[in-house]
Every structure is written in structure tokens, then in C-alpha cells.
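Read from first to last, the chains carry the letters A, B and C; within each, the first residue is number 1.
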Amino acid sequence: MANPRPRVGLFVTCLADMFRPEVAFASVKLLELAGFEVEVPERQTCCGQPAFNSGDRKDSAAIAQQTIEAFDGFEYVVGPSGSCIGMLHHYPELFAESDPWHQRALELKSRAFEITSFLALHLDMDKLSSSFSGKVTYHDSCSGLRELGIKKQPRVLLSKLPGVQICEMEEAETCCGFGGTFCVKYPEISNRMVGNKSDNIRATGADTLLAGDLGCLLNMVGKLKREGIEVQARHVVEVLADMVDTPAIGEAKGV
Amino acid sequence: MEVTSQDFKKNAHIALHDAKLQRALGNLKAGFPGKRAAAIARLPEFDALRDQARDLKNHILAHLDLYLEEFENNVTAQGGTVHWCRTAEDARKTILEICRQQDAKTVTKGKSMVTEEIALNEYLEANGVTPVETDLGEYILQLRNDHPSHIVAPAIHLTLEDVAEAFHEHHQRPKSDDPAVLMQEAREMLRKQFVAADVGITGANFLIAETGSTIICTNEGNGDLTQTLPKTHIVVSSIEKVVPTLEDMTLFLRLLARSATGQEFTVYNTLSTGPRRTTDQDGPENFHVVLVDNGRSDMVGTELQEMLRCIRCSACMNHCPVYGAVGGQTYGWVYPGPMGSVLTPQMIGIENAGLLPNASTFCGKCEEVCPVRIPLPKLMRHWRDKEWEKHLTPGAARSGIGIWAFFAKRPALYRWLAQSSNLFLRLVGGKRGRVRKLPLAGGWTDYRDMPAPSGKTFMQQWQERK
Amino acid sequence: MSRAEIFNRIRTGLHIGADDQQRREAVQQRLQARAANLIPQRAQLPHDACIKLFIQMAEESAAELIELQHRSELAAAVEHWLSENGLTQLVMASDENLQDLQWSGNGALVREERVAEAGDEASLTNAFCGIAETGTLMLYSGPDSPTTLNFLPDNHLVALSASSIVGPYEEAWQKLRSTVGTELPRTVNMITGPSRSADIEQKLQMGAHGPRRLAIFLIREE
């Protein structure tokens, strides 16, 4: 082949790795569909956000260095989370401008993309097809929305799937109350916020909740299930990649 | 006022279970954000004005000493007096001294958060001077011996019933639950006070260096009566409110009302310059400006300097989902919401107010609506950094992050940890696909289920496929 | 004591050395230039359109607009407004623009030129200018225009010459400086509609402490 396919390093994210491998597989499938060579660097762990948001800059910087090295040499770094990719975009703040790591962090930032925004730029959308059919509502996760400007991209991608009917919820842009460690540090406030969110989700009459961040999704699914609300939830890439045969998040395995 | 910021979580618990408060907070959510959005939609230049306002504030802060000097010179030239107060106590004493010179028995007050900050009312009362709050919201709070829960709508945490009861008790009139009747009662009661007061105290939205003027922006007109009728007008303001010229003030006025209440313009924007002129028929004979530092000069040149851009519009709290859930008094001091979570630790110490900058999901809504583009989440994170440095982060959180980071810095061990946790959760999740109760995760499972992993970790499966 | 300490802390924070000339120049330049910042398009209109915008915005702010062709109609219009509202008392500024009005003298109207007192029913003052951008009146204090007239009476009646209406606030500042100089009067008021409060359950009520009603008599020609 004359032109080798450009290489993307997949930033798996802890939650996809541990809770929802389908999300990472769907990401691989979509990136390959867009014509990229996808690799999963072994040395990646977490983006470091829990340390960063707890004030532990030393560990955040160490994890940032590890991530920067793990993704050296890839043309792009793509992950299925606005929050984690947003954290990669914070890396330059962790190093003094005189520190060579600052430049490396800036350089990583310029290559790091959240998946739906990346696909909106690089994927020939006519190639999308999905057997999914139903009414969906979309939650805009805060970091993706406000740090990376992700709002239209997932909706544009979904609009290419004839089976998807989007019913917007009230306050789609309001935080679900997850907030990383916030949800266990301030559980009662978090509960109120996610309670508001589940009310808004229910009010749409949608049968599926989609979002681009597993943190928010686990939080919202947990609340929907606890309240007995019959709405299924998936990461948006599962629908885009036509990987909807597996049970939705938090659903029983149909034996 | 008593500081209860240390009890933020307890306060939040009470607030979340207070049905009346939750109803009152619903009024806020249904009001300000929508009105702000509508006002902004009518002004296409709004975002460009925000950029200019941010840049202008940065310019002012880089020349703060010089603009303050200019302001002082011009106040003096117009026959007024400027008093510099490094601490809250300095400010209280200075104000009392002015009141004593006038042999003042009662002072009327316009709405002023900085006088809340320096706890002026309690101090004046203890020293034989009766302060009378004249802003309707503040008046209600004073009758109830209560404190503001919001910097623009101080009584937002109260319901009509609360106001009706307070007025019935203090006004000796038949109880009414008609807001129009209640407002009329307050109008009549306060009219006598406006005329009788010896001193009027107002805050200032801006200080104009060029002219030595102060400006207040109000809707009720109480501030104007407060500063025009008594013999002495005292303006209490923090030092960062200075702006160079009337034109520069105008830039901020275009942003202020729209960001705050969604009004095109506040009803009364009033500039005060010096005392009444010899030929004037009314107005105060004495004009004092009390400039309060109270920790602000220490913010100059630090990461927190950006907070000094704040113009006190309240948009951050109006849009904050945490404030919206728990209300302003939960924050336990004068300034609530995101701006308070940045300012309060500076003023009462991070060791007392550490829970505030942590009470944020960093959703970023506050920064999105801030008219002077203060990066509030970044500044809250700054306080978390300080807590970590000073070993103030709660022990469990600190060791939790420490253990987690130990693994996160060692990819092979991290893989093992992820696999073990994944396996554990799949075992307890069983066929239901989720867990209802999990040891050590009560914060989560008290309120929500924990979805179980759908299979082995991605890294395991990826290895197996290769 | 406090003053020196505050300045020291600011200068230390800003890392100001002994030579401060550049900063001082920047400050003086800005103060003297009195340059406008961004002025919204909305306020940059031909004069006729400014008048129209003023009317629209003032009405939106709940002010009442009464249009008059000439100042000679002012007294009758004020008398009419007062009698329609059952009012028999008017306190006025001794403003030269309000002299020589043709009061009918009919009816029970008691007119006085003085500062306002608690209990006054209505006042009449003359606006320095109108600002179209938000339908705002500008008035200022002086020997013949006491500020209390703008706030104490229940009803505030204001005469405004259409010719004095400007587009944005910036034009009002220029106009003010060219009239009074760079030293401002004790009080400059910008008034947009009657007094109001939403402090009880966020429900807007008109007439808090200032005038319950604001009636603007817009005079087309002088």
C-alpha cells in the first residue's frame, strides 16, 4: 500500500476498560471505518483526573508524563469520553512553561480528540449504518460540552441513522451530579442532581438514553434503575457502531 | 454572622429535606436563567462585551493602585473623604466613628454585600446605632434576624408565607398573603425611617476614578432615598470596584443587569459625586467613601487575582446546580455559590471553608455564564491544591487518592487492579447486571444501583483477540 | 496606616519596582481618552430611529409615554394626567425648562416648587436627556433640580425633549460633560421605568420605594 493508514492511539479510559468494554470495541470499529489504523498502547492507565481534581498535582503530573509517553508517535489520540480527553487538554497546566514537558503536553493536546468530535471531522458519515431503532434522548456531558465544545457532533452522527429518533430532554446541558469523586464526597447533593436528571429523562418518553461519557451514564443508569424507570442506556458509540446486541448498561444478561 | 461553612454537608442535608426551601429555590430556577438568556439573545454583542470586560478588568487590576489613587484624589477634590480599611474591623470602627461624629441614632442602609462581609449591623447595634435595612429583601431578613442567601435576591430562600408572618408580627397589621399589600406595608414603614435617619449607608457597584463618583444600581429606589435624605452618606465598597472612566463603567453596566436579573438595565443607576453643592436644595452634607480591603490586596498577583474581576451579578449561583439544590445559606457565610466558594476561603481561611471549593462537579456552567469570564472551576481547583499542600484534605480522601495513584503510575499493577475489581463486581452483580449494595461504596449505592461490568476488562479481551 | 499597607500589598503583588512611569502613563492616557468601548449596533441609529427606539424601550420598562407636539402643551397634559388619576398635588423643580408653562389654574391642583417630602403625590421634573438604547432618562441634581423629586413622590412626571434623545449611554456622557464640565453634579440619575421589586418569591411588584409610576411627556418640537 502506498499510503499506510494514519495511526490512532485509543485512549480506552478506566470506566470503559472496567465496566463497558463494548464502548472501546465500538470506538475501534468506528475509527477503522473512518480509515484509521487503531492501536491500544499498553502503558496507558488513567488520565489522572481524580488526582488533579483533588489537588494532588504531583501525582497528576506523573500520570500525565506516563500518558504523554504512552501516546508518543501516534498521529491522533482518541477516547470515548469528553471528560478524560478534557483532562488530557489540562496537562499543559501541570508543567511550568520552561519545563520541556509543557511543550510535550501541548503537543499531546493538539492530537487528542473525543471520539464523536473526531468522527464528525474524519468519518464519511454515509458509511454509518445501525440496526438500532427507537426514541433516544441525549445527555450533554459537562466536560465534553464546555471544555471541548461537543454538542452538535453526536447529534449529527445520530441523524445519519434512520432508526434513531431524538427527543431532547429539558436541561440536557445540566450536570447529572456525577462529578468524579463529587458523587461520593457529597452523595446527597449528587443524588438530588441525578434525581432531577432522571425526571427529565423520563419526561421525554424516550426508551434509550445516550451520552458520550461513561461516568455520567453509570450515574444516570444507577438512578434510573433504582427508581424503576424503564429506560435503557448506552454510550453513543455503541449505537453508531451498530453494537446494540449486548444488554444495555446495567441490564441483566438475557440468558 | 456565625460561620458555618465547616458544616456545609450538615447544612446541605437540612436544606435538601426542607420542603419550603426547595419550593423557594424553584422560584430562582424558574426565573433568572431564562430571563438572562432572553436578554442576551437580544444583544448580539454580548460575548464581545464580555471579552472587553475581562480585558478591561485585567488592565484595571494591573494598575489598581494608580486608579485607586486617582479615585481618592477626585473624591477629595469634590469635597468627600476616603477612608482606607485593611481589615473588616478597621472598616467597622471607621464607620462607627463617622456615625458618632454625626451623633447618629439610626442609619438607613441600601443593599450591600460588603457590609455583610464586615458584619456591620451587629457592630453598630452593639454600639448604640440602629441600622435599618431598606432593600425589601434585606428588610424582611432583618425582621427575621436572618441573613442573605443570595447576593442579588437576598431573601430568595423565603416563601410568601414567611414574609407574611414576619410582617404580621412586626407591623401589627392584619396578616396578608398578597405580595403587593406586603410591599405597600414595607413602603409605608420605611418611609418614616428614610426621613428620620441621620446617616445613610450604601454599597457601590463601581467607583469611577475619573470623576471620584460611586454608582449604585437598584430597582427599588431605596438606595437613592438612603443616600439623598440623611445628612451624611457613607459609601462602603471593596477596593477592586474601581473603573477608569464613565465609558468604562458603561461597559460593565451593559453586562450587569442582563447577567443578574435578565433586565435590559437596572431601574435606577445613580452616580454620587461628593456632598451636596452649596446651591443644591437637597442631598447629604457629608460624603464618605470607606474602602475595604479585607484580604483582596493579597489576591493581587496570585492565581486568585482573576476573582477580583467579579462584578457581583450572581449569574454563577443562578445557574449552579449545587446552589440550586441546597441554597445559599448552606455555604455558611456571606458569599454563596461558585463565586463564594472561591472568595470565602480567602476571607475566612481555607481551613474553615475547605468544603466549599470541593462542593462542585466542575460542570463549568458558572464559567460559561460569567460576564467577566472568571475561570471559577480553575480557581476552586486552586483551593483544592492548597488544601492538598497544607494536608487539609480529609484523611480518607487523601489516602484513597494516594493508593489509587500508586496503581495508576504502574500500568501492570493497574491492569491487575482493574481486572480484580471487574471480576469482583461481575460476581456480586451476577445475572441482574447491577448491584444494589456495595461495601465501602455507600455514597453511591445508598441512592443508586451500581451497574456491573458487562464482561472481562477491555484490556483482557483485547489481548485475547490479538 | 491602612492606606500605605494596602498600596504596599498591591504593589508587591504586581511586582512594581521604583520606576513606574510606564504604568502611570497608561493610566493617564486611559483617563484622558475617555474612549468608548464596544457600542451595540442597536444604539447606533439616525435620530428619528433613536426616538422610536426610546419610546419602545421606555414602554417596555413600564414607563408611560405621552407624546406632545410642543412644550406649550405640557401644562395641560400634566393637569390632565393628574386629574385622570385623581391627584390634586404637584411638586416641581424650579427648572428653567418648566417655567412659563401655561397652567390652566382650573380645578383643585396645588402646585409648589420645592424639594420633595414624604407623602407627596406627584412631581414634575425635566430630563437632561433620554437614552434610546434602553429607554433611560438622565437627570442630574442642581439648584433647580433637587434629586428627592425623582424618588419620594408616588408619581414621577418627566418632561423630555425629543431633541435631547441620544442613542447609546456614551453619547449621554459626552453631552453631560459638554454641559457641566468634567466635574459631575452631586447626583446623576439614570432612570429606566418605575420602581419595582421581586424580593418576595421572585414575583415582580411595581412601586417598591421609589415612584410607583413614571410618566414621560415626550415633547417633539421646541
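Structural remarks
In this section, contacts are C-beta pairs under 8 Å (C-beta built on N, C-alpha and C of every residue); 3 or more make two chains touch, one makes a residue touch a chain.
Which chain is which protein? Per UniProt: A = Fe-S oxidoreductase; B = Iron-sulfur cluster-binding protein; C = LUD domain-containing protein.
Keep in mind that what you see is a predicted model, and the values were worked out from it rather than measured.
In this assembly, the chain whose C-alpha centre lies farthest from chain B is A. Each chain gets a centre from its C-alpha atoms; the one nearest the centre of all protein C-alpha atoms is B.
Inter-chain centre distance (chain A (Fe-S oxidoreductase) to chain B, centres taken as mean C-alpha positions): 33 Å.
Per-chain CA centroids place chain B at a distance of 29 Å from chain C (LUD domain-containing protein).
Inter-chain centre distance (chain A (Fe-S oxidoreductase) to chain C (LUD domain-containing protein), centres taken as mean C-alpha positions): 54 Å. The part of chain B that touches chain C (LUD domain-containing protein) in the complex is made up of residues 24, 27-28, 30-31, 43-45, 48-49, 52, 56, 59, 62-68, 70, 77-78, 84-87, 90, 134-137, 140, 153-156, 158-160, 163, 179-180, 182-184, 186-187, 190-192, 194-195, 209-211, 213, 219-222, 224-225, 228-229, 239, 244-248, 250-251, 253-254, 261, 264-277, 279-283, 291, 293, 297-302, 305. If you check the complex, the residues on chain A (Fe-S oxidoreductase) that touch chain B are 12, 14, 16-22, 24-25, 40, 42-46, 48, 50-57, 59, 62-63, 66, 142-143, 145-147, 173-175, 177-194, 196, 218-219, 221-223, 225-226, 246-247, 249-253, 255. By the touch criterion stated above, chain B contacts chain A (Fe-S oxidoreductase) in their complex at residues 9, 12-13, 16, 321-322, 325-326, 358-365, 367-368, 381, 383-389, 393, 397-398, 401-402, 404-405, 407-411, 414, 418, 421-422, 425, 431-434, 436, 441-444, 446-459, 461-462.
Of all residues in chain C (LUD domain-containing protein), those touching chain B in their complex are 1-3, 5-7, 9-16, 23-24, 26-27, 30-31, 34-38, 40-42, 57, 60-61, 114-116, 118, 134-136, 141-143, 146-148, 150-152, 169-170, 173, 182-203, 205, 207-211.
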